[in-house]
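As written, the chains take the letters A, B, C and D, and residue 1 is the first residue of each chain.
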């Protein structure tokens, strides 16, 4: 007796997927912890770098000879080397987080991580080579 | 009761199957007590019965009428139109949630995340100072503060870019269970909080805490969660026999 | 296919997504009926979401309406079992502040005994130790098993459980007409406001669970039900002034209850009558009355920060005019089989009642529906433990 | 859901209104912490860009004294460059101070007073940038 229609013309809700944690092989807090720790290290080193290269030099910036004198100082050289390592690590890890904001797949995220690791190693090679050249100029 | 002024409402409109959303303007007479929710229901009653919106309790207890008013996430039921101080009031649905129609968002994805915390609705009550528990009442209790409105998720800049982010409400719920486990093992949910798309994804904009209409302080809870996760020494949570207690 | 799937089982369409519709949807699916529920707006957007969330012990009705009181205490105990974790189980107090109150208290205490509501007298000192914010001049108090619940989230558990058992819940679907053939309702027609497309659903039986709107819905089937929308003003204040429900120890009146809810305190309520349940308004003098009367039992009401004042329309059974405040109308519910009453087949209206007794209303209605459909199945809602409210949206 | 309408976008229905990466620079409705988030992203990217530019320019040191010193005279001591140095300093101060805030709050050391911390760092940052800028300008006058 009842009138029955197959499609009464109503909207239907899409099924909802339950949120599930990511399959992963690294500890997630580590990335954030590294970023914080390298960030604090960078803060000290960049302050030193800025003061040494901008504020204690008359005229604001070092000329060639002043740079060579500065970089060959036995305390400064390891600190500047450390600065290079830490600041590029911090910067590239930050860039990685920014890239991940574009909503990549897990595979693409892994690829980004590998590429950035290569960039970091290349930066190290370049920077250490440059420092080595300058040190020999004394 | 003739103390009314005309305010224009610019309302987000969308019906399933539409190509793009658009906005409609409605003039509404508002009085000193008129809320955005009152104005919207008046529009539906007298101007456009096709306007869809969510509402239930009318006093900031149910959390259904979360929406964006003049770019800020608010509960429409406690947002006084005159206090907004604008001649035109822009009303839009919450961000970061699928739009069902007009001002209605699909709360499915929100609850799919919120639910992983499995946080009970009632908690221990912080007693009214000086009071005791009545005979026959084993323990004084009250509802959790969170009213599951989705405002924090809409305000969160991370939820705005990362659809996989667990989100402030769910993380705050996990932290509530950590604070007050009520007999459950918190290990499994702490493992969820430890996910890269969970507690560590927060970038401390504190927009959620600022926007929350119910004093939950989701960002504060996320920070408490992190502290607790740090205290566990970055060990794999599954290796722990017992849930973390601060 | 977006109504309940086709099967040999009879199909019932429920119009109205409030607490009663929710409990009825669950009751019917548990008895093997296919159910589609349609609601004009979001579910619980009518009267259901707006009340103060009191789970009545029945004491409020014990003196004048023993039947309602018994119904309340039974449902009160039953709901705590089937919906664990949904209540602030802190009990309630009836507070006497003058001799008249205390005289009423004697009657109240006796009536509680007769109706099986656990009650005990407290001295003023005992009451103040439990709730320090009570009027310090109180003369005595009676403790009863009142509780509070979330006016939206308890019905959500019925919805969630009904959905899990196959009921189809369709919010934002406004019924605009009944399909009627030979004095028999055969379905509903209306508009889905999510898509702005018309819908038409066939039904073996249509239940009108529209609360204060049920008069309008019944009119679509050509029948008249005597429903009087009777709003009351409620006031929400910031801060939890008490943990227990605080009632004034006298016969039901304006502003005589303070109900804690999360971090809020709700003061209720007043009563008048309107024609259109969509257009209530919040009379300023009623708000003032909430402050005036509420502060007589909990003085801190006066100074607590304002959160909101709003109105909710009760669906009272009365009609025929004469009523001007609604207080004189009955608070009981009634299930109308329009075949018996108006000669219209396939149409049942449920209205009146209270949030506390929504499940019992649904049981009574489902009994009528099943008898009419020739289904012989027992009610299961008194023993089916409900799913959490979150699973309504999460599933 | 209803069947898909040909050509319809329906993004809002499936994903909702999500600001996406444009949210970094979308300041509508943003409060102080939201600004801190946006600035942290932008200064981070800016400073990283500068870092690599800086490393490339430093290769001129390897070329020899005349290459570097002429670069210094002709470019870096130019007032426009000194102005850019102020921008760099501002970026470093903002990113650095916000980073300290992120560490202090994110390790759970300061939680309750995070808003006061945010405001204090905002004021401190502004002071540092002004001092640094004055220093750069006086340096420019000295050389």
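We take it that a residue touches a chain if its C-beta (ideal position, glycine included) is under 8 Å from a C-beta of that chain, and two chains touch if they have at least 3 such contacts.
Keep in mind that what you see is a predicted model, and the values were worked out from it rather than measured.
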item	value
Chain closest to the middle [Cα centroid of all protein chains]	B
Whole-Å separation of chain centres (CA-atom averages), subunit A against subunit B	33
Centre-of-Cα separation between subunit C and subunit A, whole angstrom	57
For subunit A paired with subunit D, centre-to-centre distance based on mean C-alpha positions, whole Å	14
Set of subunit B residues in contact with two or more other chains	16-17, 100, 106, 108, 111-112, 115, 161, 163, 226, 230
Multi-chain contact sites of subunit A, meaning residues that touch two or more partners	11-14, 16, 18, 32, 101-102
Contacts with two or more other chains, residues of subunit C listed in rising order	172, 194-195, 197, 393-394
Chains touching one another, given as label pairs in label order	A-B, A-C, A-D, B-C, B-D
Residue ranges of subunit A touching subunit D (in the complex, touch as defined)	11-14, 32, 36, 39-40, 42-43, 46, 50, 54-55, 58-61, 63-65, 67, 87-88, 91-92, 94-95, 98, 101-102, 123, 126-127, 130, 133-134
List of subunit B residues in touch with subunit A within their complex	16, 100, 106, 108-109, 111-113, 115-116, 161-164, 166, 170, 191-192, 194-200, 226, 229-230, 234, 236
Complex contact set, residues of subunit B against subunit C	15-17, 33, 35, 41, 45, 49-62, 64, 77-78, 100-102, 104, 107-108, 110-112, 114-115, 120-122, 125, 127-137, 140-145, 147-148, 214-215
Complex contacts: residues of subunit A adjacent to subunit B	11, 13-14, 16-19, 21-22, 24, 27-33, 100-103
Residues of subunit B defined as touching subunit D within the complex	14, 16-21, 68, 70-73, 92-100, 105-106, 155, 157, 160-161, 163, 202-207, 209-210, 219-220, 223-224, 226-228, 230
